[in-house]
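Next come two complexes built around chain A: one with chain B, the other with chain C.
Then we have the complex of A and B:
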């Protein structure tokens, strides 16, 4: 599945106002609730936070995939954000994380969740210039960039 | 080189936390450890690589180990997957 097909410009948030793990998760939760994609931003924040407690979703090379599952969701939501100066996200390689792919999935669809993670990792692997995304501050430009690779 | 075919049986498949566990385990071995699904072969010491497989419950995979501790590596990785990554279901 192509990464671009899983998100939309309204779910791309360059330059998140975040400085640590909670503020990244809060920024995504508030924005997804604000876009009426999830009913309860606080509940989403708590679910994302609980998942981080099980082990950081910082998968290395400056990338994290904070995620959780919610019961009453119709489809997988993929939101993308960046913090170019980097955040200590307790990543597996201990590197600061700049690029965040936030995946919120329906509880009943583990395969759709995996397909989203697959699309993210495939895009990162195939796109040598993926870090150029950090220099972009226009959601539409980032959205177009996702079709590469 | 040693290898073994098996099936991903845990309900959630090879998701991020399961991949992290596998990477942690694989990193303890000198051997190169690969997971193969269809024509795709990925490094079991890379979360990004493992997620690229998108291996849901029921997926057939091959584990391939090459190196001085390949037998131990293979049995450990097979053990983790057969144990459903410790998830119970």
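Then we have the complex of A and C:
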């Protein structure tokens, strides 16, 4: 599964205005609702928040993958954002998180949802230089960078 | 590196732990209630002794448990051990080991104890002894057992006998009994999480997850043991014997129990209707002869009294029993037994000391999965609606090499999932994960280890 195929430059948000877990999730929820990709931003926020309660999606080395499944969604959506100064996201390695991959999938497609998460995890493992995204302010440049690996 | 240890209870286990750890250069404090036992420690070992009951705060304060790397509660009282563990941890001890008597506490309820009493390693000497005794009787090659999913699933570390099918064929071509799965090999201290193309090598140990019901069939595959076990005689019907009977009742052809106490004999006869219970003395030569005990394949002396066990074993050996096995409490006499030709001896205290030593040496890894810290983890996760894996088939998940979904507990049913099996919300899954994949697993199978309340 290609990461680039799941997102688009309009869904890449460098420098998200966020300072804690709720504000990161809220920022993604508002932007995806604003782009008309999800019907209800509040519902998306709640689902992302609920998933964090099961255990942080901060997988270490400054990366988190907040995600959830929603009803009445057309396809898997991948949005990317960064907060260069870092946020305490209760990550497994306890280090602050700067890079966020937010995945929202249709409830009816659990396999596609899971495979997208696996693809992100695999991409990060292959790309030692993934942190270079943090230096990029241009969504197009980040989008291009995703085709690596 | 020098560490600080506190040992509560200077009985056989505590004494040997204190001796071994202080010989290794660590700082050891022993907490002991009984002044005579405490004095013995002071005279024989170079360790500090704090007199008193370890379940009392002032005693723990004097022992400075707040700065110890490991608190070991190994006294003969389960209640004191558990209470002391909670207190010691709350006061700042890094970790705790607690010894309990009854096997079932560990096999079925381990997580409850670990959670409620803040225990890092819970062990039952009875359970460890039972495993060793079964190895001797059945010819199993089990090195260690871990109990998962409330005892419905076991993770067994077994030594692979020469010529076993696992060393001859690739894993995908080995017909494992339904409900079992090979999850790892140990080769030269290295843990290998295999794929279907891999084959074990002679000398490897294997880690196998299996439903309790198929243990014997799995052991048959990996060991080179005779196809029938003949008659097994147990002398002495105490708690360990009870646990052995329970494990054996479906596995051997004929079981005979000799118990002196009439009431206990009647109880055992009622509990195990298939077992022939003799109310008599296992050290009585005429009883052993008249009951043709010499024809038995195995004889196990479990009377709880070393002298009686010794006498019974010598008689059984003389009568021609194939395998004579003895439970020996006093570890310092074990070389004498060997001198008399009795080599199959099981010493509960020594096994417990070994287990705790391994725990310390592994860098405090309570699982048997890892030889060294940081190789692999075993995780037990219950799937919530928000768990990404919920609703996916195993084929869809397609776990990469390094992640194995070993077993699924659904209601009362346990199974080893195959490609088309779909994971559902509420399932408890047991995962084996190489260290480099742990973060992926946290993402796909989020949650905490099941605790006191168990699976929802």
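As a convention for this text, the second predicted complex is superposed on the first by the 149 of 149 C-alpha atoms of A that agree within 3 Å, B and C clash if a C-alpha of one lies under 4 Å from a C-alpha of the other, contacts with A are read in each partner's own complex, and residues count from 1 in each chain.
In this text, a residue touches a chain if its C-beta (ideal position, glycine included) is under 8 Å from a C-beta of that chain, and two chains touch if they have at least 3 such contacts.
As the structure is a computational prediction, the values presented were derived from the model and not from experiment.
*Asks:* For A:115, select first, second, both or neither according to whether it touches chain B, chain C, the two together, or no partner.
*Replies:* Both partners, chain B and chain C.
*Asks:* Quick one: classify A:47 as touching chain B (first), chain C (second), both or neither.
*Replies:* second
*Asks:* In the superposed arrangement, does A:34 touch chain B (first), chain C (second), both or neither?
*Replies:* neither
*Asks:* For A:96, select first, second, both or neither according to whether it touches chain B, chain C, the two together, or no partner.
*Replies:* It touches nothing on chain B or chain C.
*Asks:* Output check: A:59 vs chain B and chain C. Expected answer is one of first, second, both, neither. What do you get?
*Replies:* both
*Asks:* Regarding the shared-chain residue A:17, is it in contact with chain B (first), chain C (second), both, or neither?
*Replies:* neither
*Asks:* Figure out whether A:9 sits in contact with chain B (first) or chain C (second), or with both, or with neither.
*Replies:* After superposing on A, A:9 lies clear of both chain B and chain C.
*Asks:* In the overlaid three-chain picture, which partner chain does A:68 touch, first (chain B) or second (chain C), both, or neither?
*Replies:* So A:68 only meets chain C here.
*Asks:* State which residues of chain A lie in both footprints, the one left by chain B and the one left by chain C.
*Replies:* Of chain A, residues 54-55, 57, 59-60, 65, 67, 92, 110-111, 113-115, 117-118, 121-122, 125 contact chain B in one complex and chain C in the other.
*Asks:* Within the complex, which stretch of chain C touches chain A?
*Replies:* 384, 386-393, 396-397, 400, 436, 438-440, 442-444, 446-448
*Asks:* Note which residues of chain A are touching chain C in the complex, please.
*Replies:* 47, 50-51, 54-57, 59-60, 65, 67-69, 92, 110-111, 113-115, 117-118, 121-122, 125
*Asks:* Within the complex, which stretch of chain B touches chain A?
*Replies:* 11-17, 20, 23, 46-49, 51-57
*Asks:* Going by the contact rule at the top, pick out the chain A residues touching chain B in the complex.
*Replies:* 54-55, 57, 59-61, 63, 65, 67, 92, 110-111, 113-115, 117-118, 120-122, 124-125
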